[in-house]
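As written, the chain order gives the labels A, B, C and D, with residue 1 at the start of each chain.
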Amino acid sequence: MEKYIFEQKFKVRDYECDIQGVLNNAVYQNYLEHTRHEFLASKNISFADLHLKGIDPMVARISIDYKTPLRPGDCCICRLYVQKEGIKYVFFQDIYRLGDEKIAIKARVDAVVVVNGKLGFCDELDELVNDTKIVK
Amino acid sequence: MEKYIFEQKFKVRDYECDIQGVLNNAVYQNYLEHTRHEFLASKNISFADLHLKGIDPMVARISIDYKTPLRPGDCCICRLYVQKEGIKYVFFQDIYRLGDEKIAIKARVDAVVVVNGKLGFCDELDELVNDTKIVK
Amino acid sequence: MEKYIFEQKFKVRDYECDIQGVLNNAVYQNYLEHTRHEFLASKNISFADLHLKGIDPMVARISIDYKTPLRPGDCCICRLYVQKEGIKYVFFQDIYRLGDEKIAIKARVDAVVVVNGKLGFCDELDELVNDTKIVK
Amino acid sequence: MEKYIFEQKFKVRDYECDIQGVLNNAVYQNYLEHTRHEFLASKNISFADLHLKGIDPMVARISIDYKTPLRPGDCCICRLYVQKEGIKYVFFQDIYRLGDEKIAIKARVDAVVVVNGKLGFCDELDELVNDTKIVK
C-alpha cells in the first residue's frame, strides 16, 4: 500500500505525443517535475524563488518503469511521497491513468540541494519530509 | 573501459534550458532517444518506417545518473553500446561535455519490441547487437 | 467586444519557462494548439481520430502578438472564436493572465484541411463555425 | 532575391514530430529562436550573458507561413537577415528543406530589447544590423 501525500492531474495533450501515437517518454519526466514543483507550491515553496535565493534542488538520479503508454486525450494523475536518505530527498512518483487506475509509470527521483554551487541543505524541504498526511 | 559503437553530437539550445539556467532534465532523454534513432538510421533502419510496419520499439525502463549539468552553448556527445538480455535490448548511453570530456549523464535504457500490439522480436534490431565496431 | 465561443485554462509549468525566467515564446503555440484540439473535443471531434481517417487540419499561417510575458506559476486562459474564409478556418485566439485579465498574447491561426494529401473539406469542422454560443 | 546573412542547419528529430507524422508547428519556432541565438553567437553575443546583464531581447510579434511540412529524418536550413525599423529588430527567417531546397516556412519576427524591465537599446544588436555580408 503506497503512502502518497500529494497528487496532480494531467490531461495528455496531442503535441506531447509522438509519431508512435503515444505520450513521448520524455514528457513523463515533465509531468514528474511539474508534480514535484506543485507539491512544493502547495507548501508555499516556490521553485523559482528558491533559485533566486541561490538554492537549487537538482535531480541526481531518476529511474522510470514504463508500464502502460498514455495516449491522446487520456487523463492521468501523478501521486508522490518523499523520504530523506542522507543528503538526498527521494521522491516516489507513480502515474495512473484515470478511469481504470491502470499504472502508467513508476518512478523514483533522487534529488539533492545545491546552495550557491555546493551540496547543501534546505530547511523548507526538510519540513516537507516530515509531512505525512496521506491523500490515498 | 566502455565499448561504445555509436556517437552523436549535440549543441545545447537556449530554449532547452530552464529557469535554473541549465539543460532541463527531461531534455537529456530527448538526446538519448535521438541518438538511438540516429544509431538505427546509421544501419538503414528508420524508426518511423518500423512504426508504419507495426513494429514499435518501446522503452520499458530508463535510469539516468545526472553528473554535471550542461549549460547554454555547451556542446556534448552521446555515446552508446547495446546488449541483448532476454527479450530486452539494453542501451548504455553516456553523454560527455565536449572540450573537457566531463561526464554529464550516465544512462541505461531497456527497450522491448512491440509487434502489432504484442511483445515480439525484430530481426533488424537483433543484427545491430552483433555489431561490435567500437568507435571509442 | 470579442465573441469567444470556447476557453481553456492553463497553469504555466516551470519546465516551459526559459533562461529569461518567462514562458518560452514557442510554448504559447502549444497552448494555442491544445486549446483548438480541446475545442474540437468539446464538439466530439477527435484530432487523433481525424488523422486516422486521413483528415488532417493543418496550420497554414499563424501570427502572434506578444503583449505580456507569463511567468512560473501564472495561470492563464485561452479564449477563441472561429470564422470561415474561403477554404480556411480562421481561429482568433487570445490568452489572458488570470487574476488581472491582462492580455498575454493575441493570435490568429489560419488552418486548412488536408484530406488524403490534398486540400479538402471537413463537414465536422464546417458545423463548428456555425456554432455561435458566446462564452464571454 | 533574398539577402540572407546567416544560416543554421537542423535535422528533424523524431521526438519533435507529432501524431500527424510531421514536425509539430511549434517546433519551427524553436528552430527560428535557435538560429537567431546562433547568429548572435557568431558575432560573439551570448543571449544568456545579455540576460545576466539585464538586457533581454523579446519577441514582440511573429508571423509564420507554413508551406511544406517537414518529416522525420528531413534536414533543413534556416536562413535569416535582419532590418531595423524604429526600435524594432525585424528578422526575416526562412526554412528550406535540404535536398530539393523546397521552402518549408517563411517567417518574420519582430523583436524589441528590454533593458532592466523597460524598452531600450542594445549597441551590440545595432551593430549586427549593419552587417550585410550575404551568405546566399
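Here, a residue touches a chain if its C-beta (ideal position, glycine included) is under 8 Å from a C-beta of that chain, and two chains touch if they have at least 3 such contacts.
None of the values given here were measured: they were computed from a predicted structure.
Colleague: For the Cα fit of chain B against chain C, please give the angle of the superposing rotation, nearest 5 degrees.
Modeller: 180
Colleague: Taking each chain's centre as the mean of its CA atoms, which one is farthest from the centre of chain A?
Modeller: If we average the C-alpha coordinates per chain, D ends up farthest from chain A.
Colleague: When chain A meets its copy chain D, do both sides use mostly the same residue numbers (more than half shared) or mostly different ones?
Modeller: At the contact between chain A and chain D, which are copies of one sequence, the residues are largely the same (over half shared).
Colleague: So using the touch definition from the top, which pair is joined by more C-beta contacts, B-D or A-B?
Modeller: A-B
Colleague: Could you work out how far the Cα centre of chain A sits from that of chain D, in whole Å?
Modeller: 34
Colleague: Calculate how many whole Å lie between the centre of chain B and the centre of chain D, each centre taken as the average of the chain's C-alpha atoms.
Modeller: That pair's centroid distance is 28 Å.
Colleague: Can you check how far apart chain A and chain B are, centre to centre, with Cα atoms defining each centre and the answer in Å?
Modeller: From the centre of chain A to the centre of chain B is 23 Å.
Colleague: Listing for chain A: what residues touch at least two other chains?
Modeller: In chain A, the residues touching two or more other chains are 14-15, 17, 19, 21, 24, 26, 30, 33, 47-48, 72.
Colleague: Can you name the residues of chain B that touch chain C in the complex?
Modeller: 14-15, 17-19, 21, 24, 26, 72
Colleague: Which positions of chain D touch chain C when the two form their complex?
Modeller: 19-20, 24-27, 29-30, 33, 47-48, 51, 56, 58-66, 69
Colleague: For a test of understanding, state which residues of chain D touch chain B in their complex under the given definition.
Modeller: It is residues 13-15, 17, 21, 30, 33-34, 37, 41, 46-48, 71-73 of chain D that touch chain B.
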